[in-house]
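Following: one structure in structure tokens, then a few remarks.
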Amino acid sequence: MLLQIKNLKINYKSDNRMVEVVRGVDLDIDRGECVGLIGESGCGKTTAGLSITKLIPERKGNISSGEILFASNDILKLNPEELRNIRGKKISYVFQEPFSSLNPVFTIYEQIRESLEEKDNPGRRIAEILKSVGLEKIIGRKNAYPHELSGGMQQRAMIGMAIASRPDLLVLDEPTTALDVTVQRQILDLIMELKNKMNLAILFISHDLRIVFNIADKIAIMYAGKIIEFGPKEKIVSSPAHPYTIGLIDSIPSLEHRKKPFNAISGKAPLFSELPQGCKFYPRCRFRIDKCTEKEPELRDVSGGQASRCIRIEELKSNGTIKNR
Amino acid sequence: MGKYILKRIIGLVVLLLGITIITFSVIHIAPGKPTDLEAQFNPKVSMEARERISHLYGLDKPLHVQYIEWLKRFARFDFGTSFMDSRPVMQKIMERIPVTLTIELFSIILILLVGIPIGVSSAVREGDFYDRFMTVFVFIGFAVPTFWLSLILMDYIGVRWGILPISGIKSLEFEKFGIFEKIIDISKHLALPVLVSAFGGLAGISRYMRSSMLHVLKQDYIRTARAKGLTEKEVLYKHALKNALLPVVTILGLSVPALIGGSVIFESIFSIPGMGRLFYESVMARDYPVIMGVLVIGAVLTLLGNLLADISYAAVDPRIKLEDNL
Amino acid sequence: MNKLTLFGLGIVGFFIIIAIFAPMIAPYNPGQIDIENILTAPSGSHIFGTDSLGRDLFSRMVYGARISLMVGFIAVGIAGLIGIALGAIAGYYGKWVDAVIMRFIDIMLCFPTFFLILAVIALLEPSIINIMVIIGATSWMGMARLIRAEILSLKKRDFIYAEKAIGAGDLRIIARHLIPNAMAPVLVSITLGIAGAILVESSLSFLGIGVQPPTPSWGNILSEGKAVMGAGWWMMLFPGLAIFITVLGYNLLGEGIREKLLK
């Protein structure tokens, strides 16, 4: 296993008080595998992603417990020097807003050059990278700045920076959210192509199930700082095993489901400072019973590789309240 | 780039006209004619001088005619002659400008050399003891009156301890010195004026630099730089600093008028024969032609300072070049 | 409120009280000359010492506070009136009115303010009234820009449209709604402006073209102190400190208000 996250807990500063926003996350990603991490904004998914190379600013948050094993080394135990040899070299990031994520006063060439693992003869290698991310137009234009590119091209440049050092793991945090729909498709295709070509492991963080259905091999659904369902994509699509996942899938506006009533999840995500007792999804759940509030359910295997935190899922499935689709 | 400068120069001409109108109005603010005031405050002024100024301003003609004629002379940098010694005003100003500009230049260098590191290091260590200490220091810098600081430095460093000279820009025996000694002598004379002149700006720039740097450190591209595995030095002093420095160029341009205005105070305290002292002396003597001349030249210097700042900004910020290319 | 702001407020309040109750606080008549006691060092009977005419320095400083604060307040009041009026007109009417006013501000900002003030003083007499008016008339530009920017953003908000819909006049909208809503940054600007005006007044008085003796002001006391440098350290120390502390107080208060109101 390339990356193993074990019982990760992170405190984060919000309104001058520390709250636990990642409350015990376990997640494994193997080489050549794309895991989608899904959740509403503020559920802790971005924080979890950043923590993989300890990118959370110290004054904003800290990792209180857990292990992040990357190629069997615990990242949390590395010194800053060792950490830097992993950041951008073995584990690379692509963020949501390409425009603000690229430094406006340095050229694309310079920003890619900084990410190269071997520094000699950078021109040729940069041209290679630009070609592989579909930025042939930029090749040779050594003084092209980020603002001269379109949003899609900027994101291609970000991806170029990320793969420049031939990393093992790519963390993509909402990489297509800020882009036009047609451009989104192209960027996803590029990511898939690179993944296959380079045998990359990918953690794809998104709030959008549709995109993740297109690209991920496995999917983890995060709610209020914990993973509440995990499994292979096919299983999650055909037989979701948590009411929250069902709600997310039902809120996707799609041609096939057009006849069904639009079935969004009611209510708002809870604040980390005011989490309910027991199951954190309880207040918004259509199938809640009193027993759900007794204690927070464990993540348990419900059917060969698919895990859920819902205590009623077998009952609801067997009595037909929840049907497979 | 060429188009950008052209656009700037057109704006400059408009400002220049405005400056002449305001300067011209200032002369006419006074109750009665400048000539009357002149005679009233300065008994040295003869009838002949009064006629000269009356003629210079064409005070018998309608206002707009007076303005146009004054503007024509202004275009030739002809501000008339001084009441005090009948020398051409422009000549008097030009021989004073180099001293003032030298002091301002060194002050700006000092401000940048000290203010930027203070601001950057405060931002990097936001909230800790050093940062809070520097914040207090900066507030003190803002509040200390320059003339008081000059007096204290003069009294201690100059008079009591005798470390540095306190008056003028060269010693009496200056002519006998070799070239090296001459440079040392002038540096010694200019040390206190430069320090005093830089003091207020130092506080301003370090405060500005701190907030600029803090702003930049919150940007997404800083996270990107860290995610790339760059060292903290590269993140702070390459990726953040270059962005944080850009607006300082503009601020520097904007601080030119304050620096020039401040020259009146320290030049008269340290008896430095610069533009500020010339202005002070002409104000005390009600030497109108010189007052008007210095006022216009001071404003023009400010304009040039701003223009220089804008051009430098365009030169260092890649985003501005693009607008011009389009 | 943080400690520094509170400290600033304390200083400001302290000097305002001194200025108001000057006749009760000052132990001597500030103009009372005493040839027997020229330039005596601080002592029990003259806690800040005496000046070169034997006048009690402490009493002169107390009355000087009146002058400095009065000049500061009134000058900033004048700057505020001009700045708010021009800024509001520019922001509210926009178009060519705005363009003309903004150009005017740009031009005013080209002049080294201190030069402009000195030039006008050379033409008029350096009386206290003239000084207040001149400082006010040359320091309103920042205020005008602030008000204009605030009004530009407020103008687009719903309640202004509602006022127009019920037929309120321009003047009413500007005076009743736009200006009060734009007051927060102006308050900061006013507080910092008082500090600036006090500095300018004391600089002018120090140079001998501000408040004229025998009226005491911190600046002209310091100017006398320069003349006796070495023979009367108290003549240089106390007025300088008073200016420094007062300006520091207003600056701290202004920064405090900025943090409180604008974040």
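Some points to look at:
Just so it is clear, A, B and C label the chains in written order, and each chain counts residues from 1 on its own.
The rule is simple: a residue touches a chain if its C-beta (ideal position, glycine included) is under 8 Å from a C-beta of that chain, and two chains touch if they have at least 3 such contacts.
Because the structure is predicted, anything quoted here is derived from the model rather than measured.
Note on connectivity: the fewest chain-to-chain touch steps from subunit A to subunit C number 2.
Chain pair with the larger contact count among A-B and B-C is B-C, by C-beta pairs in contact. Greatest Cα centroid separation from subunit C: this falls to A. Note on chain placement: the centre of subunit A and the centre of subunit B lie 54 Å apart, centres being C-alpha means.
Separation between the centroids of subunit B and subunit C, computed from CA atoms only, is 22 Å.
Residue ranges on subunit B touching subunit A, taken from their complex, read 127, 219-221, 223-232, 234, 239, 242-243, 246, 317-319, 322.
Put simply, subunit C touches subunit B in their complex at residues 4, 103-104, 106-116, 118-124, 195, 199, 202-203, 206-209, 222, 225-226, 229-230, 233, 236, 239-240, 243-245, 247-248, 251-252, 255. Contact residues on subunit A toward subunit B in their complex (touch as defined above): 53, 55, 59, 80, 83-89, 92-93, 95, 97, 100-107, 114-115, 145, 147-148, 158, 161. Of all the residues in subunit B, the ones that touch subunit C in their complex are 14-15, 18-19, 21-22, 26-27, 29-31, 34, 37, 136, 139-140, 142-148, 151-152, 154-155, 159-160, 257-258, 260-262, 264-265, 268-269, 279-280, 282-284, 286, 288, 291-292, 294-295, 298-299, 302-303, 306.
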